[in-house]
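First chain written, first letter: the chains are A, B, C, D, E and F, and each begins at residue 1.
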Amino acid sequence: MLLPILADLQRLKRLDRTGWVLRGLAPGAESVAAHSYGVAVAAMLLADRVRARGVELNAERVLRLALLHDLAEARTGDMPRTMAEYYGAEVRRRAEGLAFADAVSGLDEPLRAEYERLHEDYEERASVEARLVKAADIVDLLAQALTFERGGARELDEFWEGAQERDFGLEGAAREVVAETVAALVAARAELRRA
Amino acid sequence: MLLPILADLQRLKRLDRTGWVLRGLAPGAESVAAHSYGVAVAAMLLADRVRARGVELNAERVLRLALLHDLAEARTGDMPRTMAEYYGAEVRRRAEGLAFADAVSGLDEPLRAEYERLHEDYEERASVEARLVKAADIVDLLAQALTFERGGARELDEFWEGAQERDFGLEGAAREVVAETVAALVAARAELRRA
Amino acid sequence: MLLPILADLQRLKRLDRTGWVLRGLAPGAESVAAHSYGVAVAAMLLADRVRARGVELNAERVLRLALLHDLAEARTGDMPRTMAEYYGAEVRRRAEGLAFADAVSGLDEPLRAEYERLHEDYEERASVEARLVKAADIVDLLAQALTFERGGARELDEFWEGAQERDFGLEGAAREVVAETVAALVAARAELRRA
Amino acid sequence: MLLPILADLQRLKRLDRTGWVLRGLAPGAESVAAHSYGVAVAAMLLADRVRARGVELNAERVLRLALLHDLAEARTGDMPRTMAEYYGAEVRRRAEGLAFADAVSGLDEPLRAEYERLHEDYEERASVEARLVKAADIVDLLAQALTFERGGARELDEFWEGAQERDFGLEGAAREVVAETVAALVAARAELRRA
Amino acid sequence: MLLPILADLQRLKRLDRTGWVLRGLAPGAESVAAHSYGVAVAAMLLADRVRARGVELNAERVLRLALLHDLAEARTGDMPRTMAEYYGAEVRRRAEGLAFADAVSGLDEPLRAEYERLHEDYEERASVEARLVKAADIVDLLAQALTFERGGARELDEFWEGAQERDFGLEGAAREVVAETVAALVAARAELRRA
Amino acid sequence: MLLPILADLQRLKRLDRTGWVLRGLAPGAESVAAHSYGVAVAAMLLADRVRARGVELNAERVLRLALLHDLAEARTGDMPRTMAEYYGAEVRRRAEGLAFADAVSGLDEPLRAEYERLHEDYEERASVEARLVKAADIVDLLAQALTFERGGARELDEFWEGAQERDFGLEGAAREVVAETVAALVAARAELRRA
């Protein structure tokens, strides 16, 4: 039965990304679903760039990982970074694992098991595809922060700090493509602040 | 220094009570700060009623407990009920304890320690005052659910199920006053559904 | 350069699906980005079900089509159904084609051309994958309408009328899977109205 | 029957002016109805100033044109500038003409025909009154942009570019009054940016 | 100088009609500016219908009265009905008179004095035009209430009670046209409740 | 019966603090309930600091005054400062007095009379506790203004002008604690503007 997952998707359309609200943006600033869309398209663009440079990547897997990576939040809510400090990364992972398992529990085998394996891959950054989706997660985060800053928001510095130094565990073309994209975002932000 | 706590308060004004959003209400439906206000006034009213029936209660403690009981959420976010299932009550308690400790860390002694003891009392429902504040928490929840249902919301049944049977560990006049208030809310809701 | 497309994605996170607002829902009810996420996950689920019944489908193509199908709206806005009556389907298609071409104009070849072909495929429903994404578009629309109705919205009947009779040009397992899903949504709605 | 037009008015109260949202402002920033109110009052003020300088103007016609000029958007939605580039001005005009005709189709003759003539006059800027309403449309747009910039919005430069050079096809006192008002808005904005 | 009035108009675009919020609708439900637009168009439609039945009316005055009748609220806020009970109608009138005087104080004579006379006429319902605008105010209120009820709102009964009995001090065709319009709204609402 | 007061609390959760909206912030920026929560916690912190310096204060009274000080606004709405100029402070006080009396009219004696006395104390700033709550009201206002300015808002200067010179009628430790807190907020704002 697909209805429970479809209902979860609708919840994600309403669920705020908590981090923005805790930094003073109005409720409704960005939903988890909207962010997931941004991540999925960014991941597709990054993957296609990487492949254009001659490196093999399973683009279908990239897209599946991106679409599923925040699905569990329909049941756990979006835990802000500050929250994660108090709960600990391990606890968050276990809780989201249980929630994801519930979310896909209505699917037939072998689909259910395949989706679970994708979720585990993402959580452990086991594959290069999972690591690229994590990079896309940050790319969309920075693009969103830049947009909010264009709208007048201040005090979002912490999202930019260390952005260019962040290591996603990628190598070669994948590492280059991500670095170029993050650098372009950082440059656009520097230009905004000079204006 | 009071500034960090004052900043936490402003965050709570924007932070949505997640449960409503996961059930289809629009972002901005109820903030944690607005709920805390509702709980504090409800707790004051309940305590004053209890005292009017000749039972001793420390009303000042009731008010302090109510004002502090959700302060940690400025740092952990509001964990929805469904989330609590995945994290476990114990984990949530520990995380909120750490977050609360951070929130009051800038206060001078002995105030800091006093606030921590109040928070622990609430978490453990150790005093009759803490149990009455928990009852006020539910009273405000039901009053809010009723208001949303008057505004057209459906599918909030789960908040009402078992409301009258819930045991807050109260006795005598305190138990009666809470039971009467919950019964009045349940009756008002029944009337709304008949209309 | 990816920045222009990343900026388009951020616009889609804010852009309301106009149809809901014209029917009385509050601004912010559903963004185009959030809807696109719903469509992409629904399309993945439908495609995986179809494949589980032994029918070949290019799932990667399904996901790409879903992620790109509303991208042009970052530049054209979301045209409501009623609007389409006045403009005509052909005019809308041409305008969105131009806007999509602008949106991807910064990408290197052959990627740019590939994305254009995907968009054309969707607009013409040329492939079975494109037709399945159109079905997913309606599945997510109905799941959203059901959610709004659970939240109290009325007067959304027109979205349900003819939902089960709609022909997406699909055959065999694809046709069955879509029909079962729409039927389940219609049944859930009938149950809601009886409650 | 007035009910269909009254229902259209209610839709315009909820319908966002798309341009702001595409530039990063939150949904709900400005409704089409609120803008139409701003245009109508601005047009009244401009017309009264023009008449005070001894030039004849049909103020009643000015007000009617202002109140009707965006009514069709209840059926077509608000097409952003960027969208207009892809659709073409002629197509937009035709579509809004059809929508306007539908909107007033329930009115008795000769009222229905009179309203249609007013709408055509505005679309063709045939009368000096129609040209003055177009100027009021821009005056309200700039006053709104200035207000958003006071609230912290950035990146609204494009609304101000060429504002003072824009030619509304007005002459004499009408031209002067509009130019003075636009100049005052541009000066207020320059002052804001210096602050 | 028109800038202060233009700034007041922008405030009215954001200012909520308080009555809806006090009855459980979300902030942003209807702005004072959006309502004023609804009143102005409704007043135009009513006036034109009255004239079509052979009764003389100054339609320009009707439109001016409608556009100005709530302008002072940019400075006083929107006082809900319940508030008026505590302040008294006379106090409200005096305060809005002072605020209106301030709002137009920057206009040149004789315009300033003319606008003041229009405002006084509306407050005293001295002319038939002012009484018709008051009727349009209620017509738009009912049309808005009906729209909210279509969206799921309940508990708006008080707006409908006595709607058909209300006497606006109108006679002949004006009385008939208003009565027919209110009756049509009441009938549409009755139909909604049967559905 | 507590239900009418509980319903009033829910209204305060939705009621916007009008002053922000009139200065360009979006509806929903801060509710009266959220502000009252901020005031109550700020008042508790201030009172505890004062007591830590060896000065006696009735903290329970401070909390009760803070929780009740804006309750009447559920019936009168939130009157912005600009509005108060037109109505006069005396009129506002009388109206809120009547509204408060209605709000608590369902409570049993002697509670009802006690609550009325608390409200009168606050309105007349009769006790040192009432004066401290007024100071907390301003402390929370400044903390909120600072938060909005961090979010990008401009043009909130008027809230800061004279903030440090304001005399709340406090003496000794109470005066010092309030002055230190306001000075810290003013310093944080100066730092923000330098950034």
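As a convention for this text, a contact is a pair of C-beta atoms (placed from the backbone, for glycine too) under 8 Å apart; a residue touches a chain by one contact, two chains touch by 3 or more.
These numbers come from a predicted model, not from an experiment.
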Those chains which touch chain C and also touch chain A: B, D
Mutual neighbours - chains that touch chain B and chain D alike: A, C, E, F
Duplicate of the A-C contact set - from D-F, A-B or B-F, the pair where over half of the pairs recur: B-F
Far-end chain from chain B, centres as C-alpha averages: D
Copy-to-copy rotation for chain D and chain F - C-alpha atoms, rounded to a multiple of 5°: 120
Centroid-based (C-alpha) most distant chain relative to chain A: E
Centroid distance [mean C-alpha coordinates] between chain D and chain A, Å: 41
Inter-chain centre distance, chain C versus chain D - centres from mean C-alpha coordinates, in Å: 32
Residues of chain F whose C-beta touches two or more other chains: 10, 24-28, 147, 151-153
In contact (per the touch rule at the top): chain pairs: A-B, A-C, A-D, A-F, B-C, B-E, B-F, C-D, C-E, D-E, D-F, E-F
Touching residues (chain side chain F, partner chain A) in the complex: 26, 28-29, 147-153, 192, 195
For the chain C and chain E complex, residues of the former touching the latter: 23-27, 151-155
Sites on chain F touched by chain B in the complex: 1-3, 5-7, 9-10, 12-13, 28, 30-31, 33-38, 40-42, 44-46, 48-49, 52, 59-60, 63-64, 67-68, 71, 107-108, 111, 139-140, 143-144, 146-147, 181, 184-185, 188
Chain A-touching residues of chain B, taken from the complex the two chains share: 10-11, 14-16, 18, 21-22, 24-28, 74-80, 82-83, 86-88, 91, 95-96, 98-99
